[in-house]
Structure formats: structure tokens, C-alpha cells
Amino acid sequence: MKEILAYPASYWQTMYEIWLIISIIIYLVVFIPGLYFLIKYRYKKGINEKAQHVKDSKALEVLWTIVPVIVVIYLATQSFAFYKVQRTAPEGSLEIKVTGFMWGWEFEYPNGKKVYSFFNSVANPETNAYLKPEEVNDMFKAYIPAETPVKVLLTSRDVIHSFYVHPAKVMEDAVPGRITHMWFQINKPGEYWVFCREYCGTQHSRMAAVLKAVPKEEFEKWLNEGIQVSDSNTSTNF
Amino acid sequence: MAHEGSHAVHHETSVWALPVGLSTFALALAAIAYFTWHLPLLAVIAGGIGLALLAIGVAGWANEYFSKGHDEGLGFQGIVWFVFAEVVIFGAIFAGFWMARVTHADVWVREWVPEGGMNLALVALLTLILWTSSFTIWKAEHSIEHGDLGGYRLWLLATIILGSVFLIIHAWEWLHLWHKGFTISSNMYGTGFYMLTGVHASHVIVGIAMQLILLINSGKALNKKTPARSASYYWHFVDLAWLLVAGTAYIVGSFGKF
Amino acid sequence: MAAVSYKPYFSAGLKEWIFTTDHKKIGIMYGVTSLIFFIIAGLSALAIRLELFQPGLQYMSEDSYNQALTIHGVLMQFWWAVGIWSSFGNYLLPLMIGARDVAFPRLNALSYWFFFAASVLALLTLLPGNEIRMLWTGYPPFSLNENAGPVAFYALIVHLLGASSLAGAINLVVTNLTMKAPGISLKKMNLFLHAFLAMNVIQILGVPALAGAVTMLLMDKYFHTAFFDPTRGGDPLLYQNLFWFYSHPVVYVMILPAFGVISEIIATFSRREIFGKTSMIFAIWGIAILGFMVWVHHMFTSGIPDWVRIIFSYTTVLIGVPTGIKIFNWIFTLYKGSIRFTTPMLYILSAIFMFLIGGLTGIPLGLPAFDIAVHDSHFVVAHFHYVLGMALTLAAFGGFHYWYPKYTGRMYSELWAKIGLVLIMIGSNLFYFLQFIVGLEGMPRRYADYPPIEVWITLHELQTIGSIILGLGLFIAILNLIVSTKLGRKAEDNPWQSPSLEWLVPSPPPPHNFDKTPHMPEDWDPYNYEWLEKQYKK
């Protein structure tokens, strides 16, 4: 069995495969008869100069109404089932608060530790080129424990942003005046992108952050080093 | 066939659509000049040109309509469809108002309602005025249907006066509330209140403008009765909308705890 | 039929154009304005594609990229995808129902001048200092931010376009309902007319919601109202709800007329009546009604309660059913036909091909479990470029070619039209199919720059190549249409042998369309091709 890189991406993957198979079938069901009719009933001098009368077929029309209804209801229900899992953070998740601002992210950990990532922290200061996640300075990286579910509480300080965790294939908007939520879990240690997915102006495309998934012990060590004392005044009102 | 000889009806050209169209451009430009270019002088000039074009265009249009061709009676349907659209416009503001009313029920009742509450006696008076005007415009429509031009003019004038009185009292009420510190930017109640009543008042103004145009052209009204019917329908809608607007802006806004 | 000599409408002088109330001239004016803006929007799309060819910013700053995105979105949506159907509707609707003009000819001219005023405002935003960068969606609070540019432009453009759409829609609905020539019943009406009726009703009910939303934007920005300010009881999501209450149904405003055009052309060149015409009509109205019940799928990740998302996922996928019915009926219209592969037919067959891909990729976007990963990614962009970008454009170009002899009295060059189509199909599929893949790989929308992920770079390079081929194809197709107005050979009045009413008048139509109101006989039907043959025999 293939190792699962991240949750809830695995559910998305299944949903994607179900849809892909169904839509390829539908595509062929439409395309093959279409192509066949186009060839068979093309105008030919002396042979097929005139169209023949075809009576409307109630049976056919009912068929292609009922079957699609069943298919789409199935798809929506399947999605419902997956969505419930995709949206419900498992018990014992690590809870972090993420605040979007123009243009960057603030991560706040349960013990008050904060990490900031700015639009220019993902760029090379000289060439202004987009960096690879490994090349980003460590102080801008939000550490997360590998193989542990993380629940994210989101809000925004100014305009609407959207928090998209690339490997986990999950996103949710950060809306001013609201707290939204999502969860994810990354199993393999490494460095991964977070992107802003809601258009927010000049540096929208640089409003990225790096998640560094590390083993649990290393995460605990990182979490407790250099922790600032009480700056709750500057944090946004959750 | 009803369309026999309709070559005369069919106008190939009309000069009046262009000035009305350009007036909206000038007015838009005036708003942009004022708000984003910060050129108040240009805004005044563009706005003046826009209003002048609008007045000329509408007057010419109405005159051309009343003097040429015959009544095809389609305008009424046009207004009916337009009223559907109006319902959605009001619906958009209602949606904003009610959403805020429900989500912020607490703070709304505690902090947002102006001191002393809303003046409901005044609302009753406004309602009475507006609904009387609904009756007078119905009388006007009734008169023209029966060919009574004098009655038509009289009842139309009565409607215009009632509508104007409504606006004047309403404006006084706004000023009064504004001075109490209840402004359009105080909170969602202020915003919702002034937007609902303001948008409604703008419809009253449009309705009065329609009636004025009818009054000015009333000399030719006997063989063109559709405009009177349409304006009357529109006015009934404005009066009916007032019930919801007043009910929401005054009663739902300032009472209860839900 | 007495052949009266008349000046064709398009040889009129400038004064007659400016003050015209003739639906045909107004239709042409809409069409020309629409095409000019289509070209501007297309060029801005090419600029976007060139910028995305490689990571990094090579040709423009982030701000000008965002401006290009805004121009592309606003112009394509409002001027091309909606505007072009104003052109078709104005020109063809009165002809098809046997009327001399629309119900309110002066109002019709006014609609165009609203559209024109909006066009000038849109061009003004190109001047330095007036750039708008809030995209065609204009979401607050961002659009209220200085970074987004002057919101007054955006809001007033939308207002003017809204006034234009509303007046035009009311006009066409009343025309359609009251001015049909005797013998044309609702059942006998062309599907094109049914599509336009539904589309215009959507406009009437939808446009005011958008107008309300941008009015709130205007008020919030310049009068400090509280609509979108959460600290004073407002809610930014109110805008999204109102915006999508209009802007989702508006995609059916864009695509239903395309369906109408497809139905006309596919029937004519299969030489037989539309299969299941009644169910086609019901499908049109099913789409129109369901269209108003699905807007929340644009907000699946915006923080609304989960149960709302689930309800709207069901309504959203259900809209696939009437759409599917239409496609199946088209396919079975081919059955036992006598299919002629003329240029318009090839264009609309391509449109169906593209629509099928676009439609099938639209279904998962209505499934929150799938949407959660691709919302605001390039997958969405690819989906609506298949549907609204290509299916709509191909149907519109099919329509251009189909009614070209009627508009101009001339024929276009078949060869160049076909070369254009081949290039369009190669380019667009290379471009948009790969866009699906880059979207599945996670590429977010509206990014001026992207991180150097190998597979993204390759996909973007190929897409840019595809977009250039697509641009070339469109350029050839448009140029052919322009050049042929002078060089094309003279066309007959009814080159496609269609009994639909617009083909029974001379090409180009005389100023008053019909010398006297046509009375359609009992056995006439817009898709009864044998009736026409019988008339010729007589």
C-alpha cells in the first residue's frame, strides 16, 4: 500500500478518482454515438440527401434524465461523506491560530509562540526570485509535528485571504471578523508550501509560507525555545 | 391587421436616446471627478452638463412619444418587468439589514437604537400620506380612462403634492435623527436605516418625476393612456414597498430582542 | 414578393447610425463594441500568459499584472460573454418573430448608449492613476483598500452596464412575448428565442442584486457606511452572497444564448427538427431556475456554515441534469439527419465538444469534498474557460458565420474560417487542458509569480504556447470576417435553406424587415425543412 503523505488529501484523492472514472464514462457515452452519427449520417449525394423523420422518444428522454439524476445525487452524497471527515479535526489535534494580513501570515501556537512569514521572506533578497521551500530562512518557517493532526483557526487582520496547505489539498478563507477553521496532517517530515488562495493585492502571489514538518520531539523542543513572554496585546482579537 | 400602416409608427431615428445615454456618462464622470480625482470643479461642470442633458433628453423623448404614432400599449408590461427588478434591489438591502439584525441582535438593541427609539407616530403619518397618494393616482388613472382630462390633471397634481409632502417630512425626520448622532456610518442599523429609506425616497422622486412628465404632456394624454397606467402601477409599487421599508427600518429595527 | 430596391441598413450615414433606433443597426453597434473589447481582453490575456511563461516577473510588475487580470475578467465577462448576445438578440430576435422592430426602439438605443458610456469609462481606467486592480469580482474589504484602485470606476461601470442589460432585457422580453407574428406560438418559437427569453428574465432578476452590491461598495468607500465592516455589524460575505446571486446566474445569461445558437445551427445542418424540442425548452427553464439556487458554491471555502455548503452542493450538481438533457438532444438531432459539415456546423460541433469537457469538470467543483482543494486554483480557471471561454466563443463565432450572409449579404472565406477553427481548437485544448493539470497540482489563481516547482514550469510553458496558437486562430477568424465584408462573394437570401423567419427576408434585411406582418401557416415550423422545399416547388 502506498504511504499516505497527508490528510485530508487522501479523501480528496478518492473523490477525484471516483469523479474521473464517472466523467470519462459519461464522456464516452456522449462522444462515441455523436461521432458515429456524424460519420454515418453525413450528407452524401444521392444516398443521404434528406433527413429522415424521427419521432421523439419518451423512453430515451426519461432515461437520460433519470440516470444523470442518480449519478449526481450519488456524487453529492459521496462528497458529503468525505467532506464531513475533511472538515472535522480529529481529537487531540494541535491547535494553531493563523492570521492573514497584507501580505503575510502570523502563526500562533498554544503556548503563545509566534512565527511570522512575510511576502519577502519567500524571495531571494538580491534577485527577488521565488525561493524553494528549503531555501527560506528558518525563522520564517512554521514548524508542525509530523504525523499529528493540526487544527487551524483562521482570521484576517485586513482583507480576505485564504489558507491553502499544498500537500494536504485543503483550504479555507481567512475572513476579517470571523474565525474559520480547517485541519490537516502531514506524515512525512519535510518542508511544504502554504499559499494564499484569495486575491489580496500586489503581493498576493508572494503571500506564501513554509510549513516545516518535523518529528514530534523536535517540534516540542522548537516550540519551547526562545518563547516571548506575553505579547497578547498585539495579537488579533480571537 | 393592427400593424397596417405602421410605417408611420416606426421611427428609424430619434435624437433623444443619445442625450439621455450621454447624461449618465457625464454624471458618472462627475462622481469619479469628485471622489477619486478630487477635482470638485470638474465634478460640478460634468454634473451640471449631465443634469441638463438628462432634462433635455427626457423632455424631448416624452414630447416625441406623445406627439408621434399611436398607443401600442406595451409600456405597461415593460413597467411590470421593471418592478420585478426593483423588488430585487430592495431585496439586496433587506438582506443586508436582516442579516445584521439577526447576527448582532444583542448589541443592536442595546447600543444601536437611537435614544428614545423611533418616532412611530411620524411613520404612521408618512404611511397615511403615501397611501392617500395611491388613491389619488388611482383616481387620476380612472379619470383619463373616462376621458376626463380636467380630473386627470387635478388628481395627478394632488399625487405630486402628497409625494412631495412625504419627502419633506421624511427629510426633516432624517435631519432630526442625524443630529441625535444616528448617522449612516454609525453602525449597521444606521446604514440599513438610511439606505432603505433613502433608496425608497429615490423611488418616490422617480415616481414624482414620472407624474410631472405626465402632467406637462397631459394635453396629448387622451390618445396615449398607457403611460398613465404604467406610472400609476409604479406608484402603487412604491407605496407598497414603503410598508416593508417602514416596517423593517422602524419597527424591526427598533423593537424586540430576537 | 415585390422586389423593392432599398438602401441596405449598413450603408447609412453617420447621423443615421448615431440617432438610430433600428434594432439591426443597434445590434451591429453592440457587436462591433463587443468585438473591440474582446480583442483588448484577449491581448491582456496574452500578456498574462507571457508573464506566466516562467517564474519570476519578466515583463510587468505585480500591479500591472493584477490590472491586466482585472481588465481581462471585466471585459471578457461583461463586454464579450454578455455583450455579444445583446448583439445577436437585438439583430435576430425581431427578425425571427416577424416583427418590424423591438417593443421600445428608443429604449433600445438608450441601452446601447449606456453600454457605450460604460465602455468609455472602462477605457479611462487604462489611464495611469485610474487603474483598477480589484478583479471582476471586486470583493470587499480588498476592493475598499487603496491597493485595489478607485472603486468608483468599477461600481459605475457595473451600474451603467446593469442599466444597459436591464433596459435591453425588459425590451427583448416584452418584444418576445407580445410581438410574435400570427402563427408563431410559444411551442413553434425557435429555441434561440426560448433561450433569449430565459436569459433576459435572468438578467431582470439578477442584475439588480449586483447593482445593489456595488452600490454598497460605493457607499462603504465614499460615505463610510457599515455594510462590509465587521467592527460595525457589517459582513464582507454579504457582498459575496449578493455578487454571486447575480454572477452565478449570469453564466447562464452567457451560455443559454450559446445553446440557442447551437440548436439553430445543428438543426439546420442536420436538416431535421430538434430532437425532443419540448424537453429542450423545459431544460432551458430548468437551468434558469436552478441557476438562482446554486450561488453558494462560489463560497464553499469562505467560512459559511458547513451544512449550507452541503445543501448547495446538491442543487449545484443537479444543474448538470438539464444541461445533460440538452447535450443528449443535440447528439440525437444528428441521428438520421443529413449532416452538412459547413463552417458554422464545425464551429458549433467544436463548441459542444468543449462544453462537454467544461461541463464534466464543473460537476466536481460543486462537490465540496473536491472543491476544497481546487477552489481558486487554475482548475477552476480552466473549467470556466472551457465553458464560457471556448464553448461560448465558438458558439458565437459559429453564429457569426451562420448569420454572416444575413448581416452583410456576402459570404466569408471558407478556407480561412476553417484554418482559424483548427488553430483555435489546437491552441485552446493545449492551453486549457494543461491548465486543469496545473490546477490539480495546486497552482493558485491570480498569481503573478509562482515558486519554481518543476512540473508547474513545464505546464505553464506549454500553456503559453497554446495560448499563442489560440490567439492566432481567433485573429485569423476575426480578420476573415472583417475582410470578407468587402471581398466576400455575394450571398443568396437563404444560403442554408432554413425556414426560420430571419432567412425568409432578403439579405441584408430591408430597413423595416417585413413589408407586411408575416402570417405563418399551420404547417410552418422554424425547423420544418420540408415545408421550405414545398414552398420552392410552388
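When the chains are written out, they are named A, B and C in that same order, and each has its own residue count from 1.
Going forward, contacts are C-beta pairs under 8 Å (C-beta built on N, C-alpha and C of every residue); 3 or more make two chains touch, one makes a residue touch a chain.
Since the structure is predicted, the reported quantities are computational estimates derived from the model, not experimental observations.
S.K.: Measuring from CA centroids, which chain ends up nearest the centre of the complete protein set?
M.R.: Chain closest to the assembly's C-alpha mean: C.
S.K.: A-C or B-C: which has the larger count of contacting C-beta pairs?
M.R.: A-C
S.K.: Subunit A to subunit B: how many Å between their CA centres?
M.R.: Distance between chain centres: 47 Å.
S.K.: Whole-Å distance, subunit A centre to subunit C centre, using C-alpha means?
M.R.: Centre-to-centre distance between subunit A and subunit C: 30 Å.
S.K.: Using Cα averages as centroids, what's the distance between subunit B and subunit C in whole Å?
M.R.: That gives a centre separation of 32 Å.
S.K.: Note the residues in subunit C that touch 2 or more other chains, in rising order.
M.R.: Expected reply: 235.
S.K.: Can you list the residues on subunit A that touch subunit C in the complex?
M.R.: 8-9, 11-12, 15-16, 19, 23, 26-27, 30-31, 33-34, 37-38, 41-43, 48-54, 56-57, 60-61, 64-65, 68-69, 72-73, 75-76, 78-83, 86-87, 102, 122, 128-133, 154, 158-160, 162, 164, 166, 169-173, 175-178, 180, 193, 195-206, 208
S.K.: In their complex, what parts of subunit B are in touch with subunit C?
M.R.: Answer in residue numbers: 1, 3-4, 6-7, 10-18, 20-22, 24-25, 28-29, 31-32, 35-36, 61, 64-65, 72, 74-75, 77-78, 81-82, 84-86, 88-89, 91-93, 95-96, 99-100, 103-104, 107-108, 112, 184-191, 194-195.
S.K.: Once bound in the complex, which stretches of subunit C touch subunit A?
M.R.: 55-57, 62-63, 66, 133, 135, 137, 139-142, 145, 147-148, 230-231, 235-237, 270-272, 275-279, 301-303, 306, 309-310, 313-314, 317-318, 320-321, 324-325, 327-329, 331-332, 334-341, 349, 352-353, 356-357, 360-361, 363-364, 366-370, 372-373, 375-377, 440, 442, 444-452, 529
S.K.: Over in the complex, which subunit C residues touch subunit B? Could you list them?
M.R.: The touching residues are 15-16, 18-22, 100-101, 103-107, 109-110, 112-114, 116-117, 120-121, 124, 130, 150, 152-153, 156, 159-160, 163, 166, 169-171, 173-174, 177-178, 204-209, 211-213, 216, 219, 221-227, 232-235, 238, 241-242, 511-512, 516-517.
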